[in-house]
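As structure tokens, here come the structures.
Both of the next two complexes hold chain A, though its partner changes from chain B to chain C.
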Partner chain A sequence: MIHLEKKANWVRNQVLEMTASAKKGHIGGAFSAIDVLVALYYGGFLRFNPSEPAWEDRDRFILSKGHSTLALYVILADLGFTSWDAFKTYGQNGSFLGAHPDHAIPGIEVDSGSLGNGLGMGAGMALAAKMDQKPVRTVVLLGDGECYEGAIWEAVMFAGHHGLNNLIAIVDRNGQCVTDYTEDCNRLEPFTAKWEACGWEVLSIDGHSFAEIGQALDHGRNRSTQRPLLINAKTIKGKGVSFMEGALEWHHSVPNGEKLVRARRELTWTE
Partner chain B sequence: MSRSITYRDAINEAILQEMKRDERVFVYGIDVADHKRIFGSTRGLVETFGPERCFSTPLSEDALTGMALGAAVNGLRPILVHMRVDFMLLGMNQIANMISSFRYGSGGLVNVPLVIRAVIGRGWGQSYQHSKTMHASFAHIPGIKVVMPATPYDAKGMLISAIRDDNPVIFIEHRWLYDAYGEVPEEPYTEPLSQAKVLRSGKDITIVATSWMNVEAVKAAEVLSKAGISAEVIDARSISPFDETVIVDSVKKTGHCIVIDDDWIHCGFGAEVAARVSEQCFGNLKSPVERMGYAATPCPCARPLENLFYPNAVSLIKKIENKFDLEPIDLTGEDFYSYEKKFRGPF
Partner chain C sequence: MDRMIDFESVHISEDIRDAFFDQLHRIAEKDARVMLLTADMSAFSLERYKRELPQQYVNVGIAEQNLINIAAGLAKMGKKVFVYGIAPFVTMRCYEQIKIVTEMNLDIHIIGAGAGLSYGSDGYTHHAVQDIGIMRLLRGLRIYNPSDSVSSAAAAYAAYYGHGPSYTRIDKGRFPLIHGSAVWERLIQKGVVSINEGTDVTLLSTGFMVQQALAITEALAAQSIQAGLIDVFQLNPLCAEELNSAIGNSKKLVTIEEHERAGGLGTMVSEWLVDQRRMTPLKRVAIDAQPQGYGDRPWLHQMLGLDTASLTRKIMEFLNVK
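Here is the complex of A and B:
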């Protein structure tokens, strides 16, 4: 477990530095999703091959909340999908690493960031895997603000109806959208009951606890049900840096000066 | 009294004055009341009118658009704002299947007084989901008015007309125009939603432009005048309804017509202008009507490709040089507009 925590801390540091140097990035939503991403990629859940990104039997991962892509770039570079040299060009002229995921980047399945589209695509991939009788799992990471989009709920019903038990949706339930708290902007609760009503199995976990994320993913690996699985990961936007945590302005603010120094200090790893 | 204000402030003032005049008017949409206030255009509204008449909404465009229809047919006058037209397409079912035909379906008994403001245009590097214009697509649907003012004066006058109109109006604003200054009367006034307007008079060629392309066209006309070409620039302004009278009169005078449109060429507004001019100026035309616009590709992200994708003053000048078989005009020392070098007006 400690290696995952350490890795997540390292990813947060990289995201912080790249946001500061490129002067762009959605740091708050990246920080809330990093522990889930690290667990998926380093915890042995997702099956992939960095030297063969298009391997046919790979698990499919869709970062539907594409604004958090900087965290995914760090992980893909670390795992060898892209080089560190390429990663360091993020946000610069000439770079192929833009502010949102692009399927031209090795390891990224689909363009995303236009919110509301990921779960529908994921449901299609899961359905395709079933039709092809492939042991492929599809995981879609959604933002909770993204769940305002009607298209999400159309996909939720579709997946439930078709018994897509090879589909896992993880919602980064940090309780915030761009400029507001979700329960103030447009109430999402009772959130998980809506998924359950559409035929999904639901697990609610602490999205910053590797023990809980790991248990949920283990469960996702060994299920006998026909239902798709929602992992409702309760998280904190800006997790890891005290002044960013739960603060609306850190959706896409760029840390500099004293704020950057403080963030670096708070993200210093101590054994 | 008239004074010089920006396009952004002209829009803001139109909404403010109309909300003061008519308590049925309200404004809403994603980020309408957030700290950036739709590039500043909804500034001060929530402070003046409170959150009941100015409020931000979640990402649920289809529902938001339906809500505008519901409010409008029940006596209110909603203004729905989309910071990017690209995501307005999520409400296209409501627009194309419900809003546009509601009055028709009621046998003319029910008015649909709503305005949908759509911000278009590029920052730079914004690629294919942040830079569409879509006016031709909207204008293709009967029952909706589609306007795209280019000047601060028109922005205010046409927005007031749109708010007072009893029909749905899609009001399209290019981001790069927001910093342009122009003379705008303080008091409320209306501008027609159906007439093109001559921005610059000329006698040798008619350039019909939409939205930001008016800036490029006027700049091109200035440069061309040094080479002895007198270009008339016409701001189409109203895509639907489209009254071609001003354009037809101009082409009858000049004999040449180029349309420079802020949209894809294929099946676009330029084709509509070309068809009407061909029909009505057949004997007067000295050359075929030409169209400039976007290539049939999604908007690219890289700057060099973007520069090729968008028509501009330089490509327009080249086009007209070819048409008149001119020697290439020396463009050194000419200052063209870009993301970094904003047009600040006046026209």
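Here is the complex of A and C:
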């Protein structure tokens, strides 16, 4: 478990530094999702091959909350999907890495800058895998603020109806949207009951506990049910930097000066 | 073109929608990658498709955004996906999703039922009179607008064989055949077909209005006016080279369409003329008003000045013929 925690800390540091130097990035939502991303990519759940990104039997991963893509870029570069030199172009004019995922980037399946479409696309992939009897799992990471989009619920119904048990949705339930807290803006609760009502199996976990994320993913690997799986990962926006945690202004603020120094200090790894 | 079917031996349904789906059925029988998704829509020939190819059919329900997203996922996994809905809904409700799948150049083919005013008294919500204008903004999205059953069947092939996503807008009902099956390949490969040659004026039309325009050429002939007629089957990209040769040395041009003036065929031809630095006089006949009240298509045409008599009069005025 410690290697995942250490890796997640390292990813947070990379995201922090890149956001600071490029003066662009969505730190809050990246930090809330990083532990889940690290568990997916380094915990042995997703099957992929960095030297063959288009490998037919790879698991499909969609970062539907595309604004957290900087964390995914760090991971894809670390795993060898892209080079570090390429990664370093983030934020520069002409870079192939934008602020949101692009299907042209090795390791990224679809464009997901626009919120609300990843789950439907993932459901289409899961349906195709079932039709063709491929051993492919599809995982979609959603933001909770994203779940205001109606297309999400169209896909929730579709996946439940079609028994897409090879589809896993993970909601980064940090309780915040861009400018507000979700329960103040437009109440999402009772959140998981809505998914259950549409035929999903639901697990609620601490999205910063590698033990709980691991257990949930293990469960996702070995299920006998016909239902798709929702992992409702309770997280903290800005996780890891105290003054960012749960603070509304850190959706896409860029740290500098004293705040950057403090963030670096708080993210210093100690064994 | 890799032909799976001898076009001339194929039976073409008189119903313009059935003609499309019959051809899609033939394609899907031979290619298991082909999927048909509907937003809870029916058509006579769809029943046979559903019965015989159930593994290649999904009714997504009345949810057009999800329709396109599911299609995107399927296409990413190697399927060739046709999606079917009511034209204004399957273009405008899910326009942004279409923008994204077009950017990803996915093998998705949108079939919009109810081109132009074909839904008649169902009203403005059901009329597709802005769809060409918005869909042609999506770079790489082919647009087909069949005028009869032969071109409708051809659209299914053009969609399937062509590169990248497409949108076909289909009318409702049975119309006289304009094209012989020999023209099929020309429609697919050239996108523009000359129906009549004429020395006084050339009419350019698309979709159902080609039927109207054909009647107008006859009315004009009775007035000793020789009008040519071009069916613009492929609207995006506009086949400039083919259009150039079809128009030839026409002295005057008239576009006739059942679409808002902004963004439709008239706009395209205007742009094309400017780009070609051609000074040929052009009259654009299109929809210029919101219908007041409800009525069938002939009633709507009269109200909007798109009936044959009004169109003939407008063209004669343009030609300075009293």
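To be clear about the criterion, the second predicted complex is superposed on the first by the 271 of 271 C-alpha atoms of A that agree within 3 Å, B and C clash if a C-alpha of one lies under 4 Å from a C-alpha of the other, contacts with A are read in each partner's own complex, and residues count from 1 in each chain.
We take it that a contact is a pair of C-beta atoms (placed from the backbone, for glycine too) under 8 Å apart; a residue touches a chain by one contact, two chains touch by 3 or more.
Predicted model only: the values in this text are computed from it and were never measured.
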item	value
Of chain C and chain B, partner touching more chain A residues	C
Which superposed partner A:120 touches (first chain B, second chain C, both, neither)	second
First (chain B), second (chain C), both or neither touched by A:178	first
Contacts of A:39 with chain B and chain C, given as first, second, both or neither	neither
Which of chain B and chain C A:186 touches, first, second, both or neither	first
Touched partner set for A:146, first chain B, second chain C, both or neither	first
Chain B versus chain C as contact partner of A:20, first or second or both or neither	neither
A:98 touches, of chain B and chain C: first, second, both or neither?	first
Which of chain B and chain C A:128 touches, first, second, both or neither	second
Common interface residues of chain A - those touching chain B in one complex and chain C in the other	114, 116, 150-151
Chain A residues within the chain C interface of the complex	60, 103, 109-111, 114, 116-117, 119-129, 131-132, 138, 150-151, 154-155, 157-158
Chain A residues within the chain B interface of the complex	93-94, 98, 113-116, 145-146, 148-151, 177-180, 185-186
Residue numbers on chain C that touch chain A, as the complex places them	55, 58, 60-61, 63, 65-66, 68-79, 96-97, 100, 103-104
Parts of chain B lying in touch with chain A, wherever the complex brings them together	31, 34-35, 56-60, 62-63, 86-87, 90, 125, 127, 129, 301-303
